[in-house]
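These notes open a run of structures that come right after.
In what follows, chain A forms one complex with chain B and a second complex with chain C.
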Partner chain A sequence: MALEDVCSFKERPVQHKWFSFSSLGDAAIPFPKSDYYNLRLETSENNCGVPLHFFIPPLPHSSSFINRPLSSFCPPKNSMTVQRPFRLAHGTTTLGFIFQGGVIAAADTRASAGGLVACPAVHKITPIHSHLVVTSSGSGADCMLWERILIREIRLYQLRHGHRLSIRATAKLLSSMLHPFKGTEMCVALTLCGWDNGPKLIYVCSDGARLQGDVFSVGSGSPYAYGVLDRELRWSLSKGEAISLAREAVFRATHRDAYSGNNVDLFHITAQGWIHIALHHIMLAVKMCDLSLLCHYYVQ
Partner chain B sequence: MEYLIGIQGPDFVLVAADNVAASSIIQMKHDYDKMFKLSEKILLLCVGEAGDTVQFAEYIQKNVQLYKMRNGYELSPAAAANFTRKNLADYLRSRTPYHVNLLLAGYDDTDGPGLYYMDYLSSLAKAPFAAHGYGAYLTLSILDRYYRPDLSRDEAVDLLKKCAEELNKRFILNLPSFTVRLIDKEGIHDLEKLTLGAK
Partner chain C sequence: MLSSQHFGDPGKMKDYHYTGPVEHKFSPYAYNGGTVLAVAGEDFAIVASDTRLSEGYSIHSRDSPKCYKLTDTTVLGCSGFHGDCLTLTKIIDARLKMYKHSNNKTMTSGAIAAMLSTILYSRRFFPYYVYNIIGGLDEEGKGAVYSFDPVGSYQRDTYKAGGSASAMLQPLLDNQIGFKNMESVEHVPLTKDKAVQLVKDVFISAAERDVYTGDALRICVITKEGINEENIPLRKD
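And then the complex of A and B:
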């Protein structure tokens, strides 16, 4: 992606496989109609001001969209919409907090699709550059895309200007990029955990929220994680205690929340950069009804 | 959920906003500042939908500063309020309306203090006192009862405290602290944060 931009590579418009051209009766449709072999390319208004080269699938006409229809295009009147076979669920527990030794980012590794565990080993924490990781929550596909876009934009900025964009500016950039999609079904809630002249923790959401703070937990399991974090979080924690607290908070959330589970991913960010702490498998030994028993198995 | 209040005195305006940044049932931040400084003597207090508030308020903020850069003098509070209302009205019937409720407070060197109430339908009213949010239902009557146009600064702060105590007592949501600022001919002053213990 980055190389494409730097070389000004002209991208061919994406084929719309999800609706057939014969059903498009309307003349004023801002989608490019290109034939498969690009022989006589009809370029109609491309992108319509949407800043990035990808297309939003046509939206169903429902009352919830009347309040905030998309600013960039009107969906065709008789388009075939993609019906999802399952309800889009945003199950996850991610958290991040700042302490004397830097920033800890932790997340579970379960990707759920409705009641199904779609994948038990997903990485919800993604490094953006050496001193920034982002924890993601919401729709998995949206998060993966936006993480990749963010990596690209940060790298381009660094190449063009010779210095790295600050974390606050990164958050603002991300927030501005997400703004055109406000009101659509896109759901992305990211926590940027990084270090630039000090530890930084910023929460950015596709609703438009952008908050800087000392502790954030996001996802369906976040209330449970807050319950543990708020009691024991202090600035003066040692590194081992902080890691242990993060792991415990995610564990407690996965215990109560059906949509979080499997393993805990942990990252520790300091002035020297991020370190990935090995995945810890959560296993709870339940003796009778004594839920306070907790066994940790370290899996290398 | 969110609460804004403004009280105009003979030569000052006192404004306060709660400090909670919430996301559904969770308080994400306890020390969030909802006031935006438009110029040396104008404050914009903004609540509403998550991204819209910051986006709209910063847009107004930068445009007011741009006016100063271009023309060499600052917009008056009345002009800034009308500019804000016009923008809100223009966006209202567009594809991206901003769902924000605002209080604009300022001090004009010729006209004196002014408090302007604006809501998401872009109505504008200059008022001696105003409040936004569910808390307004509980506190407007207190303001009606005890407000006088010749309030001193201490009396205005006491009136504010009465309102905060009422919220603490009767409002189901927990609003533990409020940022308080005062605008007079000297500019914007930060007053002590108003924090109330649990009752």
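And then the complex of A and C:
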């Protein structure tokens, strides 16, 4: 997929009008006509640099639609999107902080859709490359797809230029890819935790924010996590102390926030790359990372 | 079938007095009910669904199964809005054929799951109202289940229930297949026959308690020999 792009390999363009919406006018952008077998390999000028084509519903009362130029695929900026009859996965606690031993990224593993726990074991921390992980919060599907797009773009850059993109530049790339969707209902709040010439922590949000800092916590459980982190966080923490601080912060947040829970996922990023602190590596028993049992530990 | 009701209050009984003029907005979605379930074993996968198609207080059909065979090793179960289910399966079939003609091989379960995720997400601003579960065998011949949300977020599971009775069935599956929330129980690996029996029992329970689930149960068992389909009657009331 990425290699095809680098080699500029393209199938012979066949003029398939697979799902032709010509009767609906200019408002609907169908599946791409030339690259018919892949939805998302075009970073050409008609899609604002975002490698994904979206179907925009032709809403009757939005006159801004009709005046929009054909080449732009920017989604409706007003709130008149189609009303959805279902809830999407939302609600989380994620955090990241910097200390002398690198960067720690931690998150809970619950995905909630409305009042139902859609999945109790979601991975909210995704590695992008060997020295960068991203924690996601907001809408689950949005984060998953945008992480995939980011992995693809970073890999393409690496293949084209022979070196890895810096983390600040990655954050800027991500922020500019999300910019066309500002004002829509897309909700993506990512924290890039990585190492390039030193630990880096950058928060990128679909509202347009892009902030570098030493500690970030995102999600519905973040106020509780900040409370715990602000008390104990120091530059001089040891690795074990930092891991247990992150775990306790997520635990306290899940204790108070209904939409966070289940288990804790921890990543530690150093100059050598990222390490997933799998549950059995922690000195405490395996079950300690199951938050319902962790409660007993902390009470004692 | 198009619904002219505002989706916010399906089936709520209003008081019998005049509340004033009410504007009904056109909703492009309708909810047709139905439950889908998938279980992955060591060398098999099961996808099962009920066959009732309902809308509001009516039953449109008693024989509308929600399992769709995609390839020899993959079955898709989709419940939610039947119109979107039909269109989505047509699109997936077309994309499978395109892949087969371009690459001269059948798509694997994992690849189908990734493709479905992008198809669903391309409609992020006007989603397909479908809850999908894919069951099949991966490249190594082990059972795989992929569960989706309506906009394309997915992950690989061992078992998953989706649709109207999902909130009732999922805890039961957690307990019986995942051995969760039980103490000192031996974790016996699931055999195919035990899994099929469990799926039947689970759907019978769902039909008792969920009005949108019932009529008949279609079970598709996927092994390396192929896909075996079975129909079991359920409560029809």
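The criterion applied here is as follows: the second predicted complex is superposed on the first by the 192 of 300 C-alpha atoms of A that agree within 3 Å, B and C clash if a C-alpha of one lies under 4 Å from a C-alpha of the other, contacts with A are read in each partner's own complex, and residues count from 1 in each chain.
FYI, a residue touches a chain if its C-beta (ideal position, glycine included) is under 8 Å from a C-beta of that chain, and two chains touch if they have at least 3 such contacts.
Here the structure is a predicted model, which is why all the values come from computation and not from measurement.
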item	value
Which of chain B and chain C A:205 touches, first, second, both or neither	first
Contacts of A:222 with chain B and chain C, given as first, second, both or neither	first
Partner chain in contact with A:275 - chain B first, chain C second, else both or neither	neither
Partner chain in contact with A:122 - chain B first, chain C second, else both or neither	second
Which superposed partner A:159 touches (first chain B, second chain C, both, neither)	neither
Chain B versus chain C as contact partner of A:213, first or second or both or neither	first
If touched residues of chain A are counted for chain B and for chain C, the larger one	C
Which superposed partner A:179 touches (first chain B, second chain C, both, neither)	first
Interfacial residue positions of chain C with respect to chain A in the complex	7, 25, 27-29, 31, 80, 91, 94-95, 98-99, 102, 117-127, 129, 147, 149-155, 157, 166-167
Chain C-facing residues of chain A, complex	11, 18-19, 31, 36-37, 39-40, 52-57, 75-76, 81-86, 88-89, 111, 113, 116, 118-119, 122-123, 139-145, 184-186
Residues of chain B touching chain A in the complex	21, 23, 25-26, 28-29, 32, 49-52, 54-55, 95-97
Chain B contact footprint on chain A (complex, rising order)	67-71, 175, 179, 182-183, 203, 205, 207-211, 213, 216-217, 222-223, 226
